[in-house]
Every structure is written in C-alpha cells, then in structure tokens.
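The first chain written gets the first letter, and so on, giving A, B, C, D, E and F; residue counts start at 1 in each chain.
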C-alpha cells in the first residue's frame, strides 16, 4: 500500500511517491493506493504548472489503471475538510472513512507514506 | 534581527542559524536575537546528545555575550505553551509578548528566520 | 513587513505564527503550498477570514494555477510574480 | 501497526494524522522532534492524554535526552534504540 | 531597488529554488538589481553541475547558471554549509562561487530587501 | 528478522539519516539482518564521498560506509533520484551502489519489516 499525504509541488514527496507506485505496479504487486490529508491535492483537477516551471505530473495518476492498479481510495474527511468531492479529482478513487483506512493499514504488509 | 523558531536536531535550521548570528556579531552589527515557537527548545538546558551522535550546540548560545550580542529576547506565550520558564534555558533572554515581537520586526532592517 | 507563508495550513503552523507575530495591517502573501489557505470552502476558511480582519492577504497566481485552485476566498487578492516583486518593493519581508 | 511520529506537535499535524488513521490500541513511537509531545506540562498535554486513551505511547530516550526533556507525561514509556527495534519486531511500521 | 535573495533548500525536493528563480526573473524584469543570491543550508545543493534531471523536467542548476550569465548576478554558496553537504570547487557549476557566510551579512547590510526562500 | 530501511532525507539538514543509523546499529546488535538500506529522494545525498563536515561534527557518509564494511549490508541509492540531485558513480562512496527503484519494491517483498526515516 502506498499512501499519499502531501501536497504537490511544494515538496517532491508526491511525485517521487508516484514513481514508486508505477515501479511497484510493474512488479505485478497487488497494490493499494490511498490519498489522505493534503495528498488528495496531488490528484486535484485543473492543474496548470506553467507559471512555476515545474512539470505537471497529475496526468500520470490517470495511468494507474493502465498499470492494473485498481485499488485506489480517498479519505472522506480529508476531502470534506478541503471542500472537494471526487468530481474535482483527475481519477475516481473509492471513498472510505478513517476507520477503514486504519483497518486497511493493518491488513497490508508493505506500507509507504509519501 | 535573527529569529529562531525551530526545534534543534530534528532539522539543522537552528544550528546553521546560530552560525549566522556569530558571523553577524563578528561584523559588529547591532543584532537582536529572538526565540519564538519551537525555537525556544534550541536553548533548553540539560541537553545530552550522546545517544543521537549529533553534536550538542546549545553551549554555543552562551557565547552570544562574548560576541557582544546583548539584545536577546524570548516570546512569553511560546514559553508558556511549552511549560517552560527562563530558568529552564541555557541563557537568560528578556521576556516579551507577541505584540512586542511584531513591533520589533517592524523596526528592523535585516531579518532572518531560522 | 510582508509575511511570506509557503506551507499548507492543514499541515503546518506557519500561517498561525505569521498571524500571531505580525503588526496589524501588515500583509501576508500565500505562495507554494501556502495557497491552500486561500481556497474557498475549506475547513480553514473561517480562520483565514478572521486573519483577514487584521491583515490583507495575497495569493500567488502561479502557485494557485499549478495546484488547480481557482475558487478563492472573497477579498484575497491574486498577484503574479510582478505583483510579488511590487509587494517586496513596499515592505521588508519575513519568511515563515 | 507501529506509528512513528518525528515532528513537533506544535508545528506539524503528523501526530494528529497518526492518531486519526490508526486502529485502536496500535502503539505510537515519538522520536526526533516528535518527543516534545511527550513533555509534561505543555499546552499539548491534554490532547496527548486523550490520544493515550486509544494508543500506548512510547518516546525515544536518545532524542528526549538530546533535547533536555526529562519530565514526561505519566504513562508514556521511554525506550532506547533496542526498545525501538523490539517494537518493530512486534509491528509493521508507518512513518508519518 | 537593490535586492538580495537567500535560498535555504536544495533543488527538486522543495519548491524554494524554483520560486526564488521566478521571483528573481520578475525583479530583474521590473528593473531591480539583484546584488547577490546567497545559497545556504541545503540551498548549496542547487550549485552542483552533476545534476541530470529527466529530459522532460527543468534543470535547476542550468536555469540559475543561465540567469547569472544573462544578468551578471553574483551567486555565493556558503562554504561551511557546502563542505558538510559534499559541494566543492570540483562540482560547482558556472556562475556559482563558494564564499564565506560573512557575505550574507554584507548582503543584508547593502541590500534594500533580502527575501528568503525556504522549506 | 529481515529488516529493510528506507531513508528519504539527506545528511545534516534533517535527523532522518542519523536516526536510521542508530536504529540499524541496534537492529544488528539484536541479531537481525538488514537486507538493504535504500536511499531515495534527498536520501541519496548521504552517499557522496565529497562531504567534509567540521572536525567536531559526525561524518554521516563515513558512518554509513563503516557500517557497510562491518556488516556487509547492501546500500542502494535510487538512480533517478540521484541523477536529478547530482549524485553519480564519480562521487559515490565505498559501500554505496546506484540501483533502480525496483530494488525498493523487492526489499518490500523480501523483508519482514521496512522502516522509513523521513522529514
């Protein structure tokens, strides 16, 4: 399981975390991807990074499906606190709550937070 | 004016900020040094860094006086929130409140936060 | 004094420190991940509006656009990098 | 799952996230700047005690000593690096 | 006006260097002089000519070196911060010079404004 | 048990590498095997042999190289993260090897526990 919990661009965590997801996908691991806290901003739609000079990596999240990564989740409360819904995201993760997140973590062997 | 607002050891900001204070002192600048937020932890007494392998730099703060840096302040609320008093510190800064901090900032030309 | 805040208000206390240690009416510029404080409709909106009672708030357009944040709180002023430079012409800066 | 928290509770939301996204009774280990949450008598003490209702809390001795923090909240367990390793033997880890 | 810029974080991991670059460009376009860009703490890592980002990404060191070439701006990399992080004269790129921390104090004295870009 | 360690921050700026080192030492002393230490993101900066800290400070790269020599532990520095930060075979110290990100996946599969040290 890979967890995204930081906003994009201010730091590189989310981008290099995504590189890690794609590699794990290539290894045919049964991966879950989860967005919590500011990590949901990494998949916010409508990004245009031209003014910052930094590459917009959000389209790459759309490639998750091509890598057969289908277990993609987002935390309900994180969305609500940021006034967002799944319609505001570049992908369509399944919405779960914090207790489901906690349970999912307990069930996983591999676990990275970016 | 140099402001310390981060805790020691977890990050290097406070230590390299201190190097900067000592250099500024050598340039005979009329420096003020201010501790706010977690910066007051940088001058907490009783540090023993042996178990971390990192050098304990808190004694160097005692050298401020030797560099003729006498305007040293600490924010009252930051101390209180952390359950500390000046007796818990390796130096004896003058206690001021947040509005005095704000006024002091407005009065300074040079301004670094570490 | 212009207060520069570049971290998310959901993760960091930087905006609170900027608000606490700043003279009334001194401006705050949100940039990098700091721009999330400018977003309308979040759980932070009420607190940000309180801070706006004491401080004019600006948000950097390049960082808003990069993050896809277009609905910003009424009364927050978008500036481009030229506007950032103009604010610095008018004020000394503190980077939180 | 052992939750590792290494940032100050005064500056970062990491401890809150660890508490929020963790199963009841899963332990939290405070280390690096995270150990300030273990300090007794701070403005955070009440909140930390609440979290202790759901999670056993440990604090790393080397980082407590490095920072001169000796008065820790009753019920928080000090561990050395060997104790850290023992906690990892017993649990998978999440680093916040 | 006379500006100074202080950068405290390295390339890619944080946006600090990118923001400083955009700010510096806008300041020069508005007719300001940048007396010096001072690279301190992890900021020293912006100066290595060994960085090779992916082809579709920006090259932070080259952006800065080009800026120095175009504007004649002085870039100083703090010697103490650089040494502990593995930056020395062998790896430093065109436009950057290693110098003492005193040059930050001098910058603070001489510039009308110093703007810090950090984590 | 079989441990893996992941380090995401460079030396000196953050405590991550120091904490990972103390943890690794304690794990080996308790009889555990460390299959691999993987250096990712700014963590790749721990591997440069060019670092020269002040004499009274620790030398983070040498601590790790000594650990590799003493224990035979494999240290992998992520190639993509390293390239964008100016770390390559010319500057990498004894005990470190540049390798692909896939070796982190393999570590996650093979190790009983992976512990991440980060900002």
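In the analysis below, a contact is a pair of C-beta atoms (placed from the backbone, for glycine too) under 8 Å apart; a residue touches a chain by one contact, two chains touch by 3 or more.
The shown structure was predicted, so the numbers you read here are calculated from the model rather than taken from an experiment.
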item: Chain F and chain D - chains in contact with each; value: A, B
item: Residue-number overlap at the chain E/chain F interface, same or different (half cut); value: same
item: Separation of mean Cα positions, chain C and chain B [Å, integer]; value: 26
item: Separation of chain D from chain E, taking each centre as the mean of its C-alpha atoms, in whole Å; value: 38
item: Geometric centre distance via CA averages, chain D-chain B, whole Å; value: 26
item: For chain F, residues contacting two or more additional chains; value: 12-13, 15, 19, 22, 41, 57, 80, 114, 116, 118-119
item: Residues of chain A touching at least two other chains; value: 9-12, 37, 51-52, 54, 109, 111, 113
item: Set of chain D residues in contact with two or more other chains; value: 6-7, 10-11, 13, 32-33, 62-63, 80-81, 92-93, 95
item: Interchain contacts, given as pairs of chains that touch; value: A-C, A-D, A-E, A-F, B-C, B-D, B-E, B-F, C-D, C-E, D-F, E-F
item: Sites on chain A touched by chain E in the complex; value: 9-12, 51-55
item: Chain D to chain B touching residues, read off their complex; value: 6-8, 10-11, 32-33, 36, 39-43, 45, 61-63, 65-70, 80-81
item: Parts of chain D lying in touch with chain F, wherever the complex brings them together; value: 4, 6-7, 31-33, 62-63, 80-82, 84-86, 88-89, 92-93, 95
item: Partner chain C, residues of chain B touching it in the complex; value: 3, 5, 36-37, 75, 77, 98, 101-103, 105-106, 108-109, 111, 113
item: Sites on chain B touched by chain D in the complex; value: 6-11, 37-38, 41, 44-52, 54, 56, 58, 80-83
